[in-house]
Amino acid sequence: MTSMTVNDAISAALAEEMRRDPTVLMFGEGTATKRRDLLDEFGPARVRNTPLAEGILAGTAAGAAATGLRPVVDLLFAPFLCYAMDEIVNSAGKLRAISGGQFSFPMVVMAMTGAGWGVGAQHNHNLEAWFVHAPGLKVVMPSNAADFKGLLKAAIRDDNPVLFFTDIALGYAEGEVPDGELVVPLGKAAVRREGADVTLVSYAKTVNHCLDAAGRLAEQGIEAEVVDLRTLKPLDEDTILASVRKTGRLVVVHEASRLCGVGAEIAALVSEKAFRSLRAPVLRLTGPDAPAPASYPLEQAFVPQAGAIAEAAAGLVRGA
Amino acid sequence: MSNHHRGVEALERMMLIRAYEETLVDLHGRGRAAGTCTSVGQEAAAVGVVSALGPDDQILTNHRSAGHLLARGADPRRMLAEVTGKADGYCKGMSGSLHIAAKELGVILTSTIVGGELALATGVGLSRSMLGGDGIVTCFFGDGAACEGRFQESLNLAAVWNLPVLYVCENNQWQAFVHRKETTLADGVTAQAAALGVAAATVDGNDVEAVHAAAATAVETVRRTRRPYLLEARTYRLRGHFEPDDQSYVDPAELAHWRDRDPILLQRARLERDGLLSADEVLRMEGAVRRTMDEAVAFAEASPYPGFDQITAAVYA
Amino acid sequence: MTSMTVNDAISAALAEEMRRDPTVLMFGEGTATKRRDLLDEFGPARVRNTPLAEGILAGTAAGAAATGLRPVVDLLFAPFLCYAMDEIVNSAGKLRAISGGQFSFPMVVMAMTGAGWGVGAQHNHNLEAWFVHAPGLKVVMPSNAADFKGLLKAAIRDDNPVLFFTDIALGYAEGEVPDGELVVPLGKAAVRREGADVTLVSYAKTVNHCLDAAGRLAEQGIEAEVVDLRTLKPLDEDTILASVRKTGRLVVVHEASRLCGVGAEIAALVSEKAFRSLRAPVLRLTGPDAPAPASYPLEQAFVPQAGAIAEAAAGLVRGA
Amino acid sequence: MSNHHRGVEALERMMLIRAYEETLVDLHGRGRAAGTCTSVGQEAAAVGVVSALGPDDQILTNHRSAGHLLARGADPRRMLAEVTGKADGYCKGMSGSLHIAAKELGVILTSTIVGGELALATGVGLSRSMLGGDGIVTCFFGDGAACEGRFQESLNLAAVWNLPVLYVCENNQWQAFVHRKETTLADGVTAQAAALGVAAATVDGNDVEAVHAAAATAVETVRRTRRPYLLEARTYRLRGHFEPDDQSYVDPAELAHWRDRDPILLQRARLERDGLLSADEVLRMEGAVRRTMDEAVAFAEASPYPGFDQITAAVYA
């Protein structure tokens, strides 16, 4: 085990995969400037700065992916993906099926999002649900350094377009990362804490808020199980359902907007497939239907915090 | 190959494209195919450019792709099967008429999103530039696509990254139901290319031999310099945007002017004038084309629909 | 009452609103060509053809909306919105809140989608859930001619950006439209058929499939209530909840993909707020996680049909 | 107004902008403000252009907006309050530093999406063209924004629809952490404008009087012709992209070259050389600017945070 930050875990994953596979390359607005280590090791053909134009970057990634390369494209912040939706959704996500399977698109689109930097809603917008909704894409949003490393490596090796979101507040979070080859398979959730009374499902930084809440709940004698989704698509239905079948209670927590978010999907899944096990209403704690504010205290208030999570879960258990 | 032979071959290929499109219009009229964007009137651009490519070169095209595919040697039987949603189509019936790709021919990543081809072409060019070989990428797009910002983005990236992409703008004066003159003050698209550092030329898109010559120069330049090049072919969409289309919004005088410049008529007249084409040969070609299309219709009609499992079969790799 | 097609109802709404309010204008790729009647009546300044560039069209609409006009922009087919996501989501949807309320964006974005035309997944992609998920936007997707007219008029009068989706299969559907001024308020669902045994919630053309299914269910002695959402955002939670509290059973039906779709939102809503009333699992019948196929029989199979809806609902009622 | 007076006023305004940015950097360094994109080095472009506008003209700007706002007369107190997320900010603290709009000053629809200003400007121009009056719209954007396809789309639409938009490209050689020379082969952006039928000119963006003169011509042209015009101001970003930024990726020689061309130094030297500025006057201005900023800091610090209800208060109209 080595302790490293999430940012370092990402760098390590990129370097290892570029070393392993000469068809992996990376580009973005400032990639070569900011990833000087990669540039030095792999050279300017494989580590590129680009013009400022997200659409063509994503399109270039898709075209390259279909013809022999495995591009990683860094689009910086999630809202900037709005310029690249056609290339990601209409091309990378659909042209495999439309062509009857003639092409595949092994590419990774990276972007940051989430509260913590005070830069407002045009840099901070949790859009992961859009890509879960669209066909042909996979979506990853890890919560800790080891998963950042292992899931990014898996994403680069996957033959489908993978959206890889970094919750910006986690960038400097330290975590223990196993030494040696670490590939965390896409589509597998992790149970971060076991408990029999209520299930807290989350992803990205709010996993930590859930763990914090679980600690507070334990003080009240309530045992919460915390499920970290890690991959939002494909969703690990089995892990979610198994937990809810055990606890009978579910709170889904995320920072993204409530309406048609990942939490909606999980609540719907559970209310179909674990209905008979449910002992209480399914709750969602999410960001509001509002652009993220820049002002620090408001930005914090935007994100579901441990206190609210604990309160909601305790309410469910006590039958409030 | 002799010029005679090439000129006649080009004519026959253009006749095949025309016959294919007319067959499709007819099938549509009889309720047996979905609507389509025909390339009637633009056959010279397709045949002139594609005949200048080598076997390793790749092509990206768009919603108006039949000419490019057939010029590249696509099997009309599999094309008709595709357009009618059948399992033997190039895309197993999953594309329909608007995004036919045939990887085996190097016709790849066809998108009906106008501008999609421009966004993907740079990536294919990047693969060509990084994975070796002397193949180049040809990207066909319309004058309408050139209004999308991806045009600028694609050319700029290809220029600054030295990508071997031949951009071919088929400027057919129309952007669906809007005449080009309503959409831009620019006379053509070459000045924009030049402003971004991309070499560019314009050619009479209805003269198949002129297109071929200009394309040969362009292809040679891209292959040698490994840099992008833009060729603008001035042509005209002789039928409507999407079948059926009564063209009531088209200026009859303009249409008549361009009908007189029908690329098939022009090439036939040139060959006849130069004594390179006999009436018998024309008859032979007409017969051959008709038989090819009859066979294609029979093939497509006999082909089964894909099974329902095909809906989800190829979504993920 | 006058019988008219959905397309005519749309035209009537546009003409009436342009007549009523001189700041209403409309533009799009082919708008002036295809809406010759509007061009003749209102002239070329208010009825415009445009260059082919969805991004700038949506941006122009947003800029104009913030400064005194009420634009209606026709972006043709829903997947083309992928080129305009920044302008719709980051600008029109957010700049009001980001600016502390200095601007409003009274604009309508129109687009068609849905099975029925055999043109494949780059023209047919039901993306409405994306706009429900994004803040600051409203979303309308009517099922019949009268609603098309009344909701479009309401959308044009609304001071927020409204996405107005036309299910292409409905274009030539005839319906009775009340004569005189008809404004259907945004945010109000309609109960199309009453019933006590099971609630079918739907929108757009699948409302008709639900009504058809309800007819079949009635033959089996099962009374289905059919709720037509009409507006997807704001969602009429009261009507949905009231129906489910009555029937205790819910099937949500739509053509859009299942994952993080509107059906997920409704299932989640109900499993939180009507949990104690639920007598059976909440079911969703939706399009699959796949691009829409072009091939006619496959395109039809993609959409939930009456038979499957009736079967699912009957299963719920019988406790299967 | 005499040239003397205008020249001194321009200098003082540039000094205010510089002081504002330096105050903000200092606040950030002390953990009291979020990061920011400063306009240090680009003051002449802001002041030169904005001083050429009339009171009814509107301005769209971007992430690097402090110069434009202050040149337009924005209150530094409310700007600092906004950047520190306080209720008395121009946007009630909802914007932070990256998208400050001040409708009362005609500085509207500020977007930190690079290219956002270009996409919105045509709409504002459309309102100006349809709702009467002789106001024009000025759209400030960077050389990076000109790489986004919206640049082409916006200019093309403004040209074909005759929209009264003055596009001002502040070509500061940098696009965040990437030098302009890595992103395009084009020397500047005027050739693209010309290719789309938009009149264009280039000016030394560090010479405030030259910018003012070029902008006056541009504004007059747009006001009279009701057509778009592009002015490219060649300048340089003297600080990093976003505070803090050690500029380790910047060529020191290039930076030194442009530091010598600091627009404030240039203007001061010119005024002194021409005998239009005394040492006393400089001292007076420095003092005034310092007092203004001290007051602004005090105001911003005293301003309360917005209530939590503000998060959802202005989402819907």
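First chain written, first letter: the chains are A, B, C and D, and each begins at residue 1.
Keep in mind that, in the parts below, a residue touches a chain if its C-beta (ideal position, glycine included) is under 8 Å from a C-beta of that chain, and two chains touch if they have at least 3 such contacts.
Going by UniProt, the chains are A, C = Alpha-ketoacid dehydrogenase subunit beta.
What you see is a predicted model, and the numbers here were worked out from it, not measured in a lab.
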Chain labels contacting chain A and also chain D: B, C
Between A-B and B-C, the pair joined by more C-beta contacts: A-B
Taking each chain's C-alpha mean as its centre, the one farthest from chain D: B
Centroid distance [mean C-alpha coordinates] between chain C and chain B, Å: 36
Chain centre separation in whole Å, for chain D relative to chain B (CA means): 46
Rounded Å distance, chain A centre to chain C centre (Cα mean): 29
Inter-centroid spacing, chain B versus chain A (mean Cα positions, whole Å): 41
Multi-partner residues of chain D (each touching 2 or more other chains): 93-95, 99, 111, 113, 115-116, 147-150, 153, 156, 160, 182-184, 310, 315
Residues of chain A touching at least two other chains: 50-51, 53, 55-56, 79, 82-83, 86, 90, 97-98, 120, 122, 135-136, 288-291, 293-294
Chain-level touch network, classified as line, ring, star, complete or other: complete
Residue ranges of chain B touching chain C (in the complex, touch as defined): 34-35, 85-86, 93-99, 111-116, 144-145, 147-149, 175-178, 182-184, 249, 305-306, 308, 310-312, 315
Partner chain C, residues of chain D touching it in the complex: 58, 89-95, 99, 101, 103, 108-111, 113, 115-116, 118-128, 130-131, 149-150, 153-154, 156-157, 160-161, 310, 313-317
Partner chain B, residues of chain C touching it in the complex: 29-30, 32-34, 49-56, 79-80, 82-83, 117-120, 122-123, 288-291, 293-298, 301-302
Residues of chain B touching chain D in the complex: 147-153, 156, 159-160, 182-186, 191-192, 194-197
Touching residues on chain C, where the partner in the complex is chain A: 55, 79, 82-83, 85-86, 89-90, 93-94, 97-98, 120-122, 125, 127, 129-130, 132-136, 233, 235, 256-257, 259-265, 267-268, 270-273, 275-276, 278, 280-284, 288-291, 293-294
